[in-house]
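This structure is in structure tokens; I'll ask about it shortly.
Letters are used for the chains, namely A, B, C and D, taken in the order the chains are written, and counting of residues starts over at 1 for each.
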Amino acid sequence: MLSETITLRAPTPSDRGAWNALWTAYLDYYETVLPKAAHDTAFEQLLSSDPATFNGRIAWKDAVPVGLVHWVHHPHMWRPEGTCYLQDLFTVPSVRGQGVGRSLIEVVYADADARGAPSVYWLTQEFNYAGRMLYDRIGERTPFIRYNRPARTDRLQ
Amino acid sequence: MLSETITLRAPTPSDRGAWNALWTAYLDYYETVLPKAAHDTAFEQLLSSDPATFNGRIAWKDAVPVGLVHWVHHPHMWRPEGTCYLQDLFTVPSVRGQGVGRSLIEVVYADADARGAPSVYWLTQEFNYAGRMLYDRIGERTPFIRYNRPARTDRLQ
Amino acid sequence: MLSETITLRAPTPSDRGAWNALWTAYLDYYETVLPKAAHDTAFEQLLSSDPATFNGRIAWKDAVPVGLVHWVHHPHMWRPEGTCYLQDLFTVPSVRGQGVGRSLIEVVYADADARGAPSVYWLTQEFNYAGRMLYDRIGERTPFIRYNRPARTDRLQ
Amino acid sequence: MLSETITLRAPTPSDRGAWNALWTAYLDYYETVLPKAAHDTAFEQLLSSDPATFNGRIAWKDAVPVGLVHWVHHPHMWRPEGTCYLQDLFTVPSVRGQGVGRSLIEVVYADADARGAPSVYWLTQEFNYAGRMLYDRIGERTPFIRYNRPARTDRLQ
């Protein structure tokens, strides 16, 4: 369904600027700013061939970066083959509704299948209405909600 | 606060029977039955010294196993140090309200601190009222909800 | 903000056909079909001058009915002046995003003020994303969820 | 199931002190204090024979007031016979788990049946775990959530 002008590619070192622009826009949505060192470490994970670190794809419309997805495989006690956590998904507003988000998720599904660990999950804010319109079509809502350790109990934070 | 008769210990090979009884009771709560091979792999992870696999503790009341917790560290794109996913927590009904669950969570917090990756999260069903009474005291509810890849899209399932 | 071509009017007997079309489309969203007698009673409430029955407005774009709202005042134990329940809100897809829904809600707010009972509430499905995009701007989400008596305990149903 | 020592009675004028103590304890749960005039008007509704105002019951354990329920019938556009809103339910901590709450709800169900308007609904905070343990047994959770008009838009408040 994707327009022929949209391509999805794993990031390479020369994509650092493009990735950084998308990543910053995504973090803006969560009103989050990360130090440069965190950007460095995140991008290194995407370039790494270590199967335990994050994978990613950048969506390009012709020469313009328009979306990203990041995912990681981790062990799971219920599933000997492990599971896949799709942590970050973003598309720029100008391409929304064109199937870019869906295609990025489908890359993750395909990678999970290729690893023999097909279960994939992600978390989203209950009030992320635009995202959930897509997720309800391509995923299944569960009754699980997330709790965090309170920051005040972290000795290091 | 814990009674002196409660002790928390990492599982050893001789704890397989005790762990299995707790794990099966926990899975019952989720109306889940796993094949023996999945139990085997799960228990091997708990015994492994590989920092990328699951860790666990069993709570004992004198010689009786009364609770368990499992957690795993995994990479996180926002946090160069990674994060900690507390996947499974269980206490037998006869000890509820005695601080066993809280103590099991605090072991995870301490391990996260020791690794220099203090953030910890877990997922629970919205209607797990008894669990949430504890989690609201020791954690922070977030607005994040979980979506799963639908089983029908898994080629392997 | 409303286009000059949008007008909001209380229903009159000659509006029965227009109202019925909107009401049926609204009920379709909830996959609900009501018998004709229920339509009759509902419309009679809108025409009634009894302050204890429902009030309504129909939104017109030129001569085309494009939206409706229904509300009722009822006693409230915490508020001697009572409260206002906005039960039904609907706009046809072709006018969405043009401020019709907001204007219909504002009529209810104004009526509540005029009665000296300014509190207004409404209920919506958690997954009514399009509606909630509006409601988050013009209302406040509360942590209250609705429970119903199960149909099986109704002697009459 | 109710102990023979529990009785449910409609309030009479001489019950004002008993009702007031329960009502104040209930409002405390919501961190709410109401002026005396609001208590007066609320209690008058309970004594009134007007079918459009609130009804109530007080639960007594021997001579001690241990619970209350308030409900009101109001019109409903989908149901010609109207509906019943169970607004307030409270039991004192010392009797919880003894069936008092359930019995108070069942009085409302019976009154709804007697009026020929058997549908009953109520709202509760998502995190009212103790209440929901009961409501899940005697009611059905719906996906409806409540929105309020923001206080800042009330001209009178």
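Criterion: contacts are C-beta pairs under 8 Å (C-beta built on N, C-alpha and C of every residue); 3 or more make two chains touch, one makes a residue touch a chain.
This is a predicted model, so every value here is computed, not measured.
A.B. asks: Which chains make contact with chain A and with chain C at once?
C.D. replies: Per touch definition, common to chain A and chain C: zero chains.
A.B. asks: If you average the CA coordinates per chain, which chain's centre is most distant from that of chain A?
C.D. replies: Following the centroid criterion, the farthest chain would be D.
A.B. asks: Based only on mean CA positions, could you tell me how far chain A sits from chain D in angstrom?
C.D. replies: Here the centre of chain D sits 47 Å away from the centre of chain A.
A.B. asks: Using CA atom averages as chain centres, what separation in Å is found between chain B and chain D?
C.D. replies: Computed value for the inter-centroid distance: 40 Å.
A.B. asks: Express in whole angstrom the distance between the two chain centres, defined as the mean CA positions of chain C and chain D.
C.D. replies: 25
A.B. asks: Considering chain C alone, which of its residues make contact with at least two other chains?
C.D. replies: If we look for residues of chain C contacting two or more partner chains, we find 126-127, 141.
A.B. asks: Touching pairs of chains, which are they?
C.D. replies: So, checking each combination of chains, I get A-B, A-C, B-D, C-D as the touching pairs.
A.B. asks: So in the complex, which bits of chain D are touching chain C?
C.D. replies: 27, 32, 34, 37-38, 41-42, 45, 52-54, 70, 72, 74-80, 85, 87-88, 109, 112-113, 116, 118-127, 135, 138-150, 153-157
A.B. asks: For chain D, which residues are in contact with chain B within the complex?
C.D. replies: 126-127, 129-130, 132-133, 136, 141
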